[in-house]
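Take this structure, written in structure tokens, and hold onto it; I'll ask about it next.
Order of writing sets the chain letters: A, B and C. Residues in each chain are counted from 1.
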Amino acid sequence: MSEKVKPESVSLYPLGTAAAPEPELLCIFGTGDFGRSLGQRLLQTGYRGVYGSRSPHSCGPLPQGAQVMSHAAAAQLASLVFICIHRENYSFLETLAPHLTGKVLVDVSNNLKKDLYPEANAEYLQRLVPGAHVVKSFNTLSAWALQNGPSDANRQVYLCGNSPEAKQMVVEVATKLGFTVLDRGSLYAARELEDFPLQLFPEWRLPLRVAVGLSASFFFYVLIRDVIYEYVEQGKDTSFRIMVSLANKVFPIVSLIMLCLCYVPGLIAAFLQLYRGTKYKRFPDWLDRWMLCRKQLGLLALGFASLHVLYTLIIPIRYYVRYRLAAITISQKNQTDEFVTGMAWRTDSYYSMGILGFALYLVVGITSLPSVSNALSWREFSFIQSKLGYLTLFFCTFHTYLYGWNKFLNHSSYKWYTPPPYMLALVLPSVVLVFKLLVLLPCVDRRLTRIRQGWEKDDK
Amino acid sequence: MSEKVKPESVSLYPLGTAAAPEPELLCIFGTGDFGRSLGQRLLQTGYRGVYGSRSPHSCGPLPQGAQVMSHAAAAQLASLVFICIHRENYSFLETLAPHLTGKVLVDVSNNLKKDLYPEANAEYLQRLVPGAHVVKSFNTLSAWALQNGPSDANRQVYLCGNSPEAKQMVVEVATKLGFTVLDRGSLYAARELEDFPLQLFPEWRLPLRVAVGLSASFFFYVLIRDVIYEYVEQGKDTSFRIMVSLANKVFPIVSLIMLCLCYVPGLIAAFLQLYRGTKYKRFPDWLDRWMLCRKQLGLLALGFASLHVLYTLIIPIRYYVRYRLAAITISQKNQTDEFVTGMAWRTDSYYSMGILGFALYLVVGITSLPSVSNALSWREFSFIQSKLGYLTLFFCTFHTYLYGWNKFLNHSSYKWYTPPPYMLALVLPSVVLVFKLLVLLPCVDRRLTRIRQGWEKDDK
Amino acid sequence: MSEKVKPESVSLYPLGTAAAPEPELLCIFGTGDFGRSLGQRLLQTGYRGVYGSRSPHSCGPLPQGAQVMSHAAAAQLASLVFICIHRENYSFLETLAPHLTGKVLVDVSNNLKKDLYPEANAEYLQRLVPGAHVVKSFNTLSAWALQNGPSDANRQVYLCGNSPEAKQMVVEVATKLGFTVLDRGSLYAARELEDFPLQLFPEWRLPLRVAVGLSASFFFYVLIRDVIYEYVEQGKDTSFRIMVSLANKVFPIVSLIMLCLCYVPGLIAAFLQLYRGTKYKRFPDWLDRWMLCRKQLGLLALGFASLHVLYTLIIPIRYYVRYRLAAITISQKNQTDEFVTGMAWRTDSYYSMGILGFALYLVVGITSLPSVSNALSWREFSFIQSKLGYLTLFFCTFHTYLYGWNKFLNHSSYKWYTPPPYMLALVLPSVVLVFKLLVLLPCVDRRLTRIRQGWEKDDK
């Protein structure tokens, strides 16, 4: 992370003597939960800490070794002040402005919901104390995280502010506390940082909605064809098939469709560029948004695929299946109907394709783990995500075709004139694969590549 | 990582000329394994290196391009000296003290076991050469890691020391060598750093003991009920069931109980706070320790769950099972006993619950991968670990209840008056879920939230 | 990452005033794709950007708020210039040299293939403009990555250069843009950085070749024994077994052998050291190379093992298997042949060993995820990779022996005098385990340890 010299440090750590230097003193405004935890951690790390409080003599338990005094007095002593106060109570800081001039103020505050105030808390603070260097930071941490040290979701600290020197001082403190710091630029970014702790998987919303929508609609479609149809036409109650059989029809279908949805936007983009003949026109927003949630779409699809695998593997231990198999065996009595090699070929290839598809799928999924993808070069990453991804799609589609096999022509499979669900599932993948092949045609491919390297012509 | 200006650097890299500057010269005391590897790496990275040795003329093979001279002479040339010597041999450094004043000494030493000496090696070194700036670092690296560059468990380097400037110089060297540096504060942390390479999964000890203990006791319990009982009462030898059937009874039970153990401390904490009416009293140590090993408990539980899944999925290919199924089928002769829909419903839901529980469990497990959890905001992380975690617990408990079903009332299942193991396994989860529901009651929840936001009242 | 003071910054951000300082101005040569994206990102982050172009008035769409002027004019304004031009067009920079003296030039260029030119682009640039400080960086990023901010494979930025101050300025910019920077030393490293984006899993090549080779040869071996043999001798067409049965014979064999290949080099090294009586002689290159691809070998082996698991678990739902089971049952008619406890013991232990081996294998695999292994101390990492690894090997080998059982002596299993494949697969593991035991013998172990700590004797 970026830094400068800070004059203070020089005086604090005289070079040339080896004795442990007088540890740096930091000031904390506010003796609340966060303030206490922060102070405790600072003292543990070897800083000295002083609290500024409105009522220095009645502010409850504080970490051992911390002094507490009036805001003004405390501000005098330190060059860096943590403002652990709620925005509602900032106003009084205006009166302290003279004591805070030139100081670094760290705004750690969060709001209870988004857009509660016209301006970010940190910007508001800066306006109140124009003479100080406000840095927004630490607000993504919980008090618990401070008490127990960095771990899991609590290692990273974001900061933003206008004075690099001020930011640098905060970077140093945060690093000493064991956090890794990410500089998000000027104080304009404060609002973004303040919204961060409030968000809950924003980029997963859309993919999740798609997944739920698809699952629901296919579930009802299958319910009608498999349960209600049976009941109406033959009066048989097969409702028990809901728990496993139906689920195991819906999951693979949703998985396959969502896997396609990862590749559709890329194809649309390619054809847009071919059509426009340039890459410098921005894509429509919906396409951009779609592209940016491909990863989530893919991971959800992988989740559904895994469920499909598990549901398939428990088939033989199901009561229903064992019963049916026994019944068949018994019905055959003594002579057994002979063995159909073609059937064996088809079913075995069907399973093989499924397994290989799933295995490849896992590989693609694993490489989208942050730590793995960070270790890959961009070329390697896109090779896996695109080449292997399409191979996965091909295997899975082929797997489904083998499942359907000759049923496509078989009238009995069109109950109430509705096609079996897996046929519907096959539409999109087939289209995607065909268009992908189109893009791979030498002539098209050459044109596309030229367009995408368009910048090569630029310096002329 | 935190840094300052280092005067040396200015002279070393004159700004304004673009010619490659004279590379910085570093000194290494000790021509042992670590010293050689370190020197080699430094030279590869473009530093110049000089060795200090007691016998400059007979110290075995050294990296190409490295000079070797007396300790004193070597120390003169460099401003930074790596002490790659065993603590036992430090003493002679005292005599070198005058040559080392103002130098940065990097102590890379480790001990063979903990608490071998009253003070940390680095502190001892500092005492011997008070005029120098001792920095503890690189001790977590193996010579092999240095030879082959940072990789896997060898990317991170810790350091601590009293002089920030000195630390900064080490940070720079380490970074140039391709390591990421974590500053652990003042030299007081040296002991901790020296113990680090000696530790072997300290935070896993307790959870592992719990797991082993539970497995053992439940194994014997099941052994008695399933094998010994059979043998004594019916004289049947069912010992072969140990390998799979018994294992597959023990694993899920242990998994379920350990999953609960992740949530018990949280509940205890909640009720403690409700009872005390404050959150500022520290929790008893045992509770703190328990809370800090929840992650390990959970991961072990996930491991057992995975074993349970695998053991369940191989059931149908087992000789024993195939034999029994065939026997049943044959026994049924020509008429088949009719199909019980209720049974199908129950077993299928039983499997579904298990699969969904396991799937959720995997999600929770994946998000506890460092790189994944780092990418989550604190709110997102706790949402998954707590909300999804409890959902997992619910599914798994329900899964077990469906397994038991009506056996609870069935006398025959109480062999020798002992309840079947899964009933014992259900006690804790049921209690946990009930108490969780209590905590979620509006009145309780409101009180708890108020207590946890206690700090909000503080500034009044 | 390492850094110094940069005089520019002082003037740019006067300390003491809190008003947002005039943002730093950066210059970009080249208005191509990369140049545009870079500029856009810089402006978003709060920098000011000016483009240098040969035709300032006709250079297509540029990011909002960016000025464009002649190269010379643009260079005047900024102290840092991004050269987003193809190497082919560098020549004209020579004429600009006077305007570029003392400036920091960031070379972001890549080549279309390796060794296209005698010297690295960055070195060539430095030669053209000797008065400037050339820094190689950003070349591993794609324009797409710049437009959409750091993510996945795009968070890390490498840089190298001769002037630390210059590097520092680039580090700061990169960090502000949200990238993490890795300093790779002097400009000599430029070629390496320029080759980086061109490489495609170099360290996976060898292991993949081994895997493919082994799979192919064993596939044909099994094909001959299981399909062709059947056809020739009994005229039966069992070709359908290729898809699952054969695959499921090849995968575990390849997996087991490759798992061994991870441990062979370690053993060879050990015996080499024992033989030489020293550890300071370098290993032959082939051994070094072998050692460095152990991780990839292991992960591929894990992949094959997983396939083996999946192929095994679908066995019971295969048409062929169901058919055979039914046939057997029917053939048994009314009396069932009695139950062989020994058989049950053997098969169950066989499955158990397999499951435990696979589970351990997964643990070893998971700990080789970058983020996990980074969280481990060296001792912990080697404990898992070596101790647990050997345990895995043992389980898997035992698993295979149980599979063979008494078939070893059974003549009928030597079709056409060829041993069954699993016997071939057992050779290497058995050898490895035996030799490992040898190394663990107290006498050998003591000697080896002494040799490996050889350095301890050095300071005498």
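In this text, contacts are C-beta pairs under 8 Å (C-beta built on N, C-alpha and C of every residue); 3 or more make two chains touch, one makes a residue touch a chain.
The structure presented is a predicted model; accordingly, all values stated were derived computationally and were not measured.
*Asks:* Answer with line, ring, star, complete or other to describe the graph linking chains that touch.
*Replies:* Topology of the interface graph: complete, with all chain pairs in contact.
*Asks:* Same or different interface residues for chain A and chain C, judged by whether over half of the residue numbers are used by both?
*Replies:* The interface is built from different residue numbers on each side, given that under half of them are used by both copies.
*Asks:* How far is the middle of chain A from the middle of chain C, if each middle is the mean of its Cα atoms, in Å?
*Replies:* Roughly 23 Å separates the two chain centres.
*Asks:* When you check chain A against every other chain, which residues touch at least two of them?
*Replies:* In chain A, residues 1, 3, 5, 313, 316, 329, 333, 369-372, 374 touch at least two other chains, as defined above.
*Asks:* Spell out the residues on chain B that touch chain C in their complex, using ranges where they run on.
*Replies:* Touching chain C: residues 1, 3, 5, 9-10, 13, 15-16, 18-21, 23, 30-36, 45-46, 54, 59-61, 85-86, 89, 140-143, 145, 148, 152-156, 171-172, 175-176, 178, 196-201, 237, 239-241, 243-244, 247, 303, 306-307, 310-311, 313-314, 316-320, 322-323, 326-327, 329-330, 333, 369-372, 374 of chain B.
*Asks:* Going by the contact rule at the top, pick out the chain C residues touching chain B in the complex.
*Replies:* Touching chain B: residues 1-5, 102, 126, 130-134, 162-165, 182-188, 279-280, 292, 295, 309, 312-313, 315-316, 325, 328-329, 332-334, 336, 339, 341, 343-345, 347-349, 351-352, 355-356, 358-359, 362-363, 368-383, 453-456, 458-459 of chain C.
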